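Paired with chain B in one complex and with chain C in the other, chain A is shared by the two complexes that follow.
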Partner chain A sequence: MQAKFAPVFGLLLPALVFLPLLAFMPFEIHGGGWGLIANFFGAALRPSLTPSLLATAFSGIAITLAVALWSWLLSLLIGIAAGLLSAPTVSQAFFGCRWPADLLRRVLALPRSLHELLWGLILLQGLGLQPVVAVIAIAIPYGALVARVVCDQLESLPQEPFRALRVAGVPSPAALLTALGPSLLPGVLSYGGYRLECALRSATLLGVFGLGGVGADLRLSLQSLQFHEAWTSLWALALLMFLLEQGIALLRRRWWQPGAVVGQRGRELLLLFVLLLLLLFPAAQLLDLQWQVLLGPWHWPMDQQIFQWQAWQQPWPKLVGSTLLLTVIAALAAFAAAPLLLLLFSPWALMQPLLRGLGLIARLLPPPLTALLLLFVFKPGLLPAALALAFHNAGILGRLFLEGLEAQDPRPEQALLVAGVSSRKALLMARFNGLAAGYLAYGAYRADVILRETVVVGLVGAGGLGVVLLEALSSFAWADVLPVLVVYALLTLIGEELATRYRSFLLHKHPQKEGGAPTRLQLLAKPMLERA
Partner chain B sequence: MVPGRQRPRLNNLNLQLNRGERVALLGASGAGKSTLLAVANGLIKPACGDVYWNGEKASSGKRRQRQQARIGTLWQDLRLVEELSVQQSLNCGRLAVWPWPLVLLNLFMPLETRACANVLSEVELDPVLLAVPVKQLSGGQRQRVALARLLRQGAELLLADEPLAQLDPPLAARLLQLLLELGAAPRSLLLSLHRPDLVQGFDRVIGLRNGELLFDGNPKSLSSELINDLYAQT
Partner chain C sequence: MFVYLIAFAFLPLQLPAIAETKAAQNQQIPHQAQRPSANKILLRISAIPDQNPEKLNRLYGLLSDELQEKLGVQVKYIPVIDYSAAVTGFRNGDLDLVWFGGLTGVQARLQTPGAKVLAQRDVDAAFHSIFIGNVNSFKGIKPIRGFNDLQQFKGKRFTFGSESSTSGRLMPQYFLSKGGVKNSDFAGGAPGFSGSHDATIALVQSGAYEAGAVNEQVWQSNLKKGTVDRTQVLALWRTPPYPDYHWIAQGDLDKRFGIGFTKKLQKALISLRPSNQQQQQILELFGARQFVVAPASQYGEIESVGRKLGKIR
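Moving on, here comes the complex of A and B:
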């Protein structure tokens, strides 16, 4: 096999998207709100500290955390069960055939194809404004996502130990648990921790759209230009996010240290699980979760005809085109931001914590709110929507990129530095090259996520399917909702399939080094079901 | 004294390497051979004492980078960037002097094919390997590519830290011969070895024990008593 392009080239190429973005920017700026933007950032240093506001911020954060905890736990339960059932190995062991697993995997693609906001808005119509709506809305797509990763992990493990136990006459469940369980656990735990951070972000986002918590407070503060109040919530959220990320990182390091044994890890895991259970009760009380509403009655508008032929007559090429354009711009910018910034600022040690801080803000600020802020200076349209999506996702991608970089073998870079190569060039040639394939593979997955997320920035007039869908949902036009939902789901399913194939191709071409604790980038970059 | 260490790894050591000299460095494990090489290439900055290069004190910043660009290290673990092609990997030797446009262009379209083919031939490898990814090479081929990268770097001093340690005897003999040829004038060679029987082709042998100089002289003067002293436990 001959190699022409270095992998790192694929990592730098997406940065070209900034050229047209910068070129068009002057035409998209209305220039009216620079003062407001300055006020917003100025207020970061002087958040409102009045007791009543602190109490409101605390209560908002508690509600968001409670929603995140419940939806996360539910999604893990659903995801692990569905993930195991959709794994051909398990299906083969229990039923003697793999088709039930294949079928379940295809069925699970559907709940995954819709963003949690859409699930939230649909459930809101049927159940009314209930905290349980937010919990279920997050748990459905997250459960399907966790199922995919669990299944993927299980299928990528070496199957020989399992077969050896089966040949020795060990029953299937015991053989699966013993041979594959311990190897599966680290990946599931690491991914599970990551999903809790995601659940917190999603709970905040649903709040922006009216489902309560800190997201709702943030939206109200920003819309009424009360930036000092907004920063009280933002700093509280940042602190929570920081503590959560550090806590999860600590557990990851502790459980993967070379001396860690299954027994010790198991005891600590059990303790953590008990602690979580204890937390769930006050969380349920705080939210006043009423699970019985799920049993009905559901308030679907039965007076309308759900299928109307005219509703399917939409300008599909234009709608799909703008959705894809928004996705591509946001995905490329989000993907390129971290490597580019790191390359530019790597020689200055002070910039690293600054970039990490910016990344934290990017992760915790929901894209619709960033888009609202951008509207202070930009005209409504595709650009603020793309920038808002790119900013948020750059925070997520950037963190995984940094984690991946730190896990890279430092020796090739050291060899270049010792040969007199500057720190930037050494970083590019050694660490970036080592990480490029994994990061590109994860980037493909993230593009797929961004495609689903385009719906959340619909409110800034970005065009595309998201706007039509939100309008149809808010006007209860169910006949209009159905075709857009179908096209949206189809688009995301095609996107997912393409992303999976691209990731398989990339990782087949540049196999990732095994051994040690897998970084989340390695876990998330892994494509689904490569098994022959 | 090496920063972060309890006891000095090198002590009271005063050495001068002359152009064209091929020097073997002998000593037991932990004697300070790797530390001496790391001080020479600038990886470790000694807590006290100075390093001079061509009469110029080893400094920091750009000037230090220029000095380091003239010193090539063959690492025991090679430290090649696995993801690059052989040609891109060889061109890593030019990164210290290339401007950014060339660095980026090399990632897209490997540059200076003729120069790369020449250094590959010098280490007895077929230039047809230029387009092959490093990770597809055999152990012996990778070692030669690492050596060729030093030639591409234009290194005046070659440092090698036990390069023969993990090779079978015929492969080790061939690589040693190659290193001795490439390390001859106008270059210099400082190579750490774990086998005293391999020093005959060198111009000078230095023996280290517990970070101190035990002997420094001609390989012919290396007696079995000296060797016993060198590896004796203290």
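Moving on, here comes the complex of A and C:
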């Protein structure tokens, strides 16, 4: 029994980060803005409903959704193509060697290493105020991420059917499609749905930084303290996110329920695709997407030397140190929040919907705006920045955690309950334990994402690389921008490598059960390819 | 399935181009490149986002109508929510006429050869910032009479507005440096950047920051609206004057809209008068009695301060 407890400890140990956070909190509160916070939440019940504002909110939502849809679709296309090309099996089958795939996989780590916001700011320089900037900015890093998951999925499938077909003389493309295609589909579909949710969040965030849509409305109304107006956008966004998440969850359940009618999934999938494609045209119209600007002349600012030696002489240890500290605190808190809250409140049936609601708000509020709200009561510094990042990511992690919990076999917990074990202990020993390794592995991946996201909370004075970057960008000092981008990329590449190793270590130690629809946790927690 | 998906994905690549060609034919205008900067008939105006968006939309909606009427060209307001995005948009030719701040205007002109300063408000030749402080931190403060008295801000939590704001950042930082206060002298080793003047007021009033610097006009209008709690936040110091906001136009307007267009545009701006009802509304929203011709040389001071503080390279 002792040995079986171990993963659960891994799950709850990060919660220790709350001790120092809570201990320091009283010293970091100035408390002058409780009135503002009260006004903010008070305004939730009375969003502004003037027709002009409703129209603004609606068009903001439509723009954000359009950006999300297009960037999502592009990222899937890029990701699936690049994912297949970077899989050694495919490379072996087509070219007879695996090095092209290995090379491509390493190259793909680069676009992943920069946050979509940074891609947006870079592309904005070259392309100007074009709606297509937001779409491409999300599609680039997302495409590289999807490629990684597709490639990992493909490589973890049993290879025997494929080899058998090859030996029987079937040509490689056909053999790949027949042997690996059907088993790849559930994973890709499930992950694809998840990416749409992510794309919606990213599109909102990019709006906060000037690329239009509901994020822009939110930032401007929060900054000028027009809370009633802010809530009009927030409620609209909440509704959209809720519908999207529930819709995707519904399809997941429907398509993978045992005993589904044969062929039903295929038909519905086709219908869904047609629907999406029909949506894409109005979306492109709305955004006035002009793809041809990608081919036209790019207007890079040429008046400066891009490489200046003195721009590389920054206080790197301090900058990197505070960025990493922010990442670690935010990642641990985000990771531990959901299990801890569930464990504390599990005996009360009412708490679950309440926590779910809180999670939804956490996911829909972009971290820089949460940080701005936190500043009304906290002194500026690391703490509000870390809390803002932790809150947002706890919403995302919590959702995956709950989903994972529900997919667990309920019998061990019921057995424990029948045996008279308290409900908290039963939850801990049965459900949490089964989930722990997968959740830990996913947490490692999320820490990576949080590292990239630290750039967006620079505004609350947390220090670190984000502040230097925003200052350099607003001075149009490209020579200063370059080193920060390079350091960011290096940090995330190292982070990704560490996270990958940790995950394969975890999953080797605690192999996951497979079967049925893979939960996203299982999918995302899959180890990267073993390095050859 | 995939083939369809790909085909569909790239279809819209053609669509806007087709639509544009049609529009161009309808208006009997020769269709050039698809890039909007090559658009010959539409005057695109914009502004740095220093006010709440609703006010900006109202203001520039009115101004667009007015200019359209006076100039006989189509005018469109393109909202931008970031100071540097306005500069970038202007440099890339996506915007024709922009209401810039002092610093962003200089940045935009340096990056856009040929760009011209058209006009400023009567108040812009001598604009001011106000340093504000939270009552709890600055109750017994020694009145600030000269730059040296700014030393009292050392060790305080201090916030500027946007990174690129002239009145909310550049000039306040410059005056602080004259008083021997560096950015690293503030609590936490760095100032904050609230993002906007309204946010600076709210954050100082709440106490998140003990002090901050804001645009005098925004401060006054917040006082008038009653959104400032005078028991919580104090006006500590009014800075010396400096030139700020101004209209900047692309250098190729004459080529695109006809000879003498730039002059006509300038005249349309400086001839706005409070006696006309619609024009009065515009001027009131701008917080000005009228627009006047501005010499570009006036902004030399802003440029040299910008270079000193590293905001212009």
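Couple of notes before you dig in:
Methods note: the second predicted complex is superposed on the first by the 519 of 532 C-alpha atoms of A that agree within 3 Å, B and C clash if a C-alpha of one lies under 4 Å from a C-alpha of the other, contacts with A are read in each partner's own complex, and residues count from 1 in each chain.
Everything below uses one rule, namely that a contact is a pair of C-beta atoms (placed from the backbone, for glycine too) under 8 Å apart; a residue touches a chain by one contact, two chains touch by 3 or more.
It should be emphasised that the depicted structure is a prediction, and the values quoted were computed from it without experimental measurement.
Of the two partner chains placed by superposition, A:P20 touches none, neither chain B nor chain C. The partner that reaches more residues of chain A, of the two candidates chain B and chain C, is C. By the touch criterion defined above, A:G296 reaches chain C but does not reach chain B. Residue contacts after overlaying the shared chain place A:F9 against chain B, while chain C stays out of touching range. Contacts of A:L428 after superposition: chain B is touched, whereas chain C is not reached.
In the overlay built on the shared chain, the residue A:S475 is in contact with chain C alone; chain B does not reach it. In the superposition on chain A, contact is made by A:L74 with chain C only, not with chain B. Note: no residue of chain A belongs to the chain B contact set and to the chain C contact set alike, using the contact criterion stated above. Residue ranges of chain A in contact with chain B, taken from their complex: 1-9, 12, 411-412, 414-416, 418-422, 425-426, 428-430, 433-434, 436-437, 510. The touching residues of chain A, counted against chain C in their complex, run 30-33, 35-36, 53, 73-74, 77, 124-125, 127-130, 209-210, 212, 216-217, 219-221, 223-226, 229, 270, 273, 277, 280-281, 284-285, 288-293, 296, 299, 301, 303-304, 372, 375-381, 459-461, 463, 467, 470-471, 473-477, 479.
Residues 1, 5-6, 8-13, 15-17, 33-37, 49, 51-54, 78, 80-85, 87-89, 91-95, 107, 110-111, 134, 136, 157, 159, 162-164, 188-196, 198-199, 202-203, 205-209, 227, 232, 310-313 of chain C touch chain A in their complex.
Of all residues in chain B, only 41-43, 64-73, 75, 77, 79-85, 88, 92-93, 95-96, 100, 103-104, 106-110, 131-133, 136, 153, 155 touch chain A in the complex they form.
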